[in-house]
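Quick heads-up: structures coming right below.
You will see two complexes here that share chain A, one where it goes with chain B and one where it goes with chain C.
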Partner chain A sequence: MSNRGRMSGNEAVALAIRQIDPDVIAAFPITPSTEIPQFVSRFKADGLITTEFITVESEHSAMSACIGAEASGVRAMTATSSAGMALMYEVLYVAASDRLPIVLAAVNRALTGPININAEHSDSMGARDSGWIQIYSENAQEAYDNMLMAHRIGEHPDVMLPVMICQDGFITSHAIENILTEDDAPVRAFVGTYEPEHHLLDPETSVAIGPYGVSPYVFELKRAQAYAMECARDVIIDVAKDFEKTFGRSYGFFEEYRMDDAEFAVLLMGSAAGTGKVAVDRLRGRGVKAGLVKLRTFRPFPADALAAALSGRSGRGGRDGRGGTLKSLAIMDRSEGFSGFGGPLGAEVRAALYGRADGLKTINIIYGLGGRDVRVEDFEDLYTELDAMQGMEARDIPYVRSLGQREG
Partner chain B sequence: MIEIRWHGRGGQGAKTAALLLADAAFAAGLYVQGFPEYGPERMGAPITAYNRLDDTAIRIHSNIYEPDIVVVVDETLIGAVDVTAGLKPGGSLVVNTGRPAEEVRAKFAGTDGVGADVSIYAVDAADISIRNLGRNLPNTPLLSVVARLTGVIGEAQFIGVMQEAYEEKFANKREVIAGNMTALKEAWNGAVLVSGDDTSGQGEEE
Partner chain C sequence: MAYNAYSLKEVANKPERLAAGHRMCAGCGSTVAVRAVMRALRPEDKAVVTLATSCLEVSTMTYPYTSWEDSYIHTAFENAAATTSGVAAGYAAKKKKGKLGETYKFITFGGDGGTYDIGFQSLSGAMERGTDMVYVCYDNEAYMNTGIQRSSSTPMYADTTTSAVGPDSDGKPQYKKDLTAIMAAHRIPYVAQTTFIGNFKDLHQKAETAIYTEGPAFLNVMAPCPRGWRYAEKDLMDICKAAVETCVWPLFEVVDGEWVLNYEPKNKLPVTEYLRLQGRFKHLFKPENAALLDRIQDDVDHRWEELKTRAGAL
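Our next item is the complex of A and B:
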């Protein structure tokens, strides 16, 4: 039986951590994720958790401490944002290549500069090739639910990879919203215990974790790591199914909102998806066949399932028997890739669609940088533009444009 | 859906008031949002906080541009910040001020969007706060005024929810709870309607 409550995204993540009661948390404060270790230290002081809470002098040390802890065979977690995550980049790769299923609560915030504390996905996008599983949340509910699923995904023997659960800084991390939470006992039963096959403190076997990799072996290890990421796809779906069976809330690689007969759609991640859904409802009320796809799993990237869903072919994560009605799609990035032709989500979604969705016209939209607000009306204008794109040759449609940026 | 926009300065508690209003409306069975918009984090800088209250789930995650209620926590913001921007026709404007009704009316006379159909309420939240708390923390009295105007919660339930919220918030500072509670009770009926109709939803069918 779920409990009806209200809390901020940071409180929801902290609640999940209390219920999971990890063995080790090592963290350094940075806005807007600071509250998470603050709550955890209160839980610790109040005797609500058995976690060893390690206060460190930097995020690089936080992740290094998590690596040491997890390598010794226990659960380690941390939380960070923005420049804090950037300071972790070096060791994020170490955690992933050492196959340590650490869980990181990321509260997305712009990277400097200019210095800014608000929502942007540039921090976790900078870690997109680090080998971490990345799952994005629309609201406090999803941040909570994704945290409860994180260990099951990362610790699965077919996966053994670290997991980053992302939510938008301030927009959800500091907003009080309604939420359904679960009792401690069923959460603990769902999350289960961590029993790694190998770890440093196991007296029966001796293992080396993180030694120098000589050329005859590194390629094979990297291939194994990439294969683990591919295996994570099935595990993410299986864990989501079990989560739905246990707690009643349904998740997949992505959510399709009113996509059944949609002709125009936007695809995006995070909190703006909720605002987009309000726009879709308004447009549907006016007879416009609008739809929305909210990507939840960015790593591993669900290329097949997305291509199948967007082209109307049945596929895992997509729905069977749809007609392929989609005519134009806006792929929205809350980060600037500085590639000169858009953001990372735009590039990857288009790569996934190449050769599999003939005739679907696409545009990449950069939005929300530095916390710039995106309104329902912005989405409505975007759908009008998607309609207008029908009258254009694909080669005349710009690769990318920005939304909500002041002109002049 | 009721949308509320709070204008204050850093340190005056506009964000806290918005979060507590969300608590109160939640207790009354509603779906709620309460969130701040941060600029530079410093005492005295203008800040904005927001509430959405609805009887169905709230999915929108943008700021509020067409509020039903605007709360001016610090009257020195009038003129410096466009506090009434987008205020809905028939909406309400709550101003923390010790000025007489005539002066408050005059302050907004001719302001875009503040027509005769906008109800303006004046409450001397600073005075209520100083008398009850010994400090100028205007957010507590204003919270009470706004909670009443929303019409989503009755006085008894509101006072009960706030008592609980303060017990938790001030668990290590219990001496301030009583003052906050008397400030809330005094402010519930403490606003003066200086222009327009009484928009308080109390006693009406929603």
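Our next item is the complex of A and C:
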């Protein structure tokens, strides 16, 4: 039986942490994720969790301690944002290659340069090739639900990879929303316990974690790691199905909003999806066949399913058996890639579509940098632009443009 | 603790916890330090060893082989102490939940690069938090794994590949950082400085105290490197002895904030007796560099007097 609650994204994540009661949390404060370790300290002080709370002196040490803890055979979690995640980058790779299913609550914030505390995806995008599963949340409800699914995904024997649950700084982490929460007992039953096959504290067998890897072995280890990421696709869907059966809320690789007969669509991740959906509803009211795709799983990247859905072919996580009505698509990045032709989401979605959705015209939109608002009207203008793109030659459509940036 | 029972023969006959066959150089101090520390573990106790990235790490755990009889973890260069914090927390969680009966000890080894420099913050944090662990620095006074670059532990005027000696350079221009004193300033229960002397009693006793003291403990072990210091492999013990007899590397411990001097040479030798054994100081013995030797002697004398004052000796 779900309960009605009213809380911020950070509170929702903290509630999930209290319910999961992980063995170890190591964290260092950074805006806007600071509240999460504060809640952990409060839970400990009030005797609500059994967690060992390591108040480390940096995010690098937070992730290092999580690696040590998870390697000792227990559940370890942390939370961070922005520069904190950037400080972890080195050891994020270590966590993944050691196949340690640590869970990180990421509250997305712009990387420094200049320093800014607001929502942007540049922090987790910098970690996109680190070997972590990355799941993005639109709102507090999704942040909560994704946290409850994270351990099941990462700890699956076919996967054994760390998982990052992302939500947008302030917009989601600090805004109070109505959400549905679950009772402790069914949450604990759903999450289950963690009994890894190998760990440092096995009295029967010593293990060595983090060896020096010589050339004759490293390639095979990396291939195994890549295969685990491929296996995560099935596990993400299976866990989502079980989650829906248990708690009634449905998730896939992505959400398709009014895409059935859509001719113009935007594809994006995170909180701006809510704004985009309002624009879609308004446009639909005016007879415009607008739709929206909200990507939830960025790692592993659901290339097949996405290409199938956007081209109208059926695919796992996408629609079944509907015609390819989509004519133009805006892929929206909340981070600048500095590649000279757009952001990471734009590059990856286009790569997934290449040869599989010929004729679909695309543009990459950079938006929301440094927490810049994206309004319903911005989306409405964007759909007008997508309409205009239909009559253009693909080569005349710019690869990328920015939205909401002042000129001059 | 009563140490009267110490017998090198006895402890040396304990099963090795760092097996032979690793790829460290002959005449290297680091594995000597490791074996001596690990001998202080009670046979019935288990250990998890953490290593900072180092010669020791890449040469003793080269996949798919390991020389470590105990469980072992390496994550990166600058975070060995933080990594151990996590393992110790996992252990505490298991103990609290009744999931583990065995006793484990947590021993971390880092070179001076991983300890004095890049891993300094992580070490300071773990010590300040009171992690029940032993951090052992095997101090060979330069970044040896990458090819003998200077560190903050490198002594003044040493010749390294990033403090090269030439017409315009006398070697490293700065003093060596006094890390042992900095660790003592953390007010942790046990800090000690030692090296390889005689029958290894000093090192053994300090390792035993460090391992079996509840809370954080720090051991700084001078562990020469034949490549970086440029000495013949067989001279390892002579160099350590000279370091102690010249008071370049005094033996002391800080127990619950009390400084204790463990050895005072009857006849304190001039620093040249230590420096002349090593190629990295060869340039100092040119006649025109006599003033440099004087400066080193002055510094050693000053530090020695300071230590004696702290320890309340004399």
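Here is the rule we use: the second predicted complex is superposed on the first by the 408 of 408 C-alpha atoms of A that agree within 3 Å, B and C clash if a C-alpha of one lies under 4 Å from a C-alpha of the other, contacts with A are read in each partner's own complex, and residues count from 1 in each chain.
Criterion: a residue touches a chain if its C-beta (ideal position, glycine included) is under 8 Å from a C-beta of that chain, and two chains touch if they have at least 3 such contacts.
Quantities reported herein were computed from a predicted structural model and do not represent experimental measurements.
When the two complexes are overlaid on their common chain A, residue A:176 makes contact with chain B while staying clear of chain C.
Contact with chain B, but none with chain C, is seen for A:271 once the two complexes are overlaid on the shared chain. Of the two partner chains placed around the shared chain by superposition, neither chain B nor chain C is touched by A:29. Judged by the touch definition given at the top, the superposed model places A:373 against chain B, while chain C stays out of reach. Applying the stated contact rule after C-alpha superposition, one finds that A:186 touches neither chain B nor chain C.
Chain A is touched at more residues by one of its partners, and among chain B and chain C that partner is C. Applying the stated contact rule after C-alpha superposition, one finds that A:52 touches chain C and leaves chain B untouched. Taken together, the chain A residues at the contact with chain B in this complex read 6, 117-118, 138-139, 168, 170-172, 174-178, 271-272, 274-275, 277-278, 373-376. Within the complex formed with chain A, the residues of chain C that make contact are 46, 48, 50, 57-59, 61-64, 66, 68-76, 78-79, 82-94, 96-97, 100-102, 104, 121-122, 124-126, 128-129.
Interface of chain B with chain A (complex): residues 19, 22-23, 26, 31-38, 41, 57-63, 65.
Taken in their complex, chain A has these residues touching chain C: 23-24, 26, 50-52, 54-58, 60-62, 64-74, 76, 90-91, 94, 98, 200-203, 206-214, 217.
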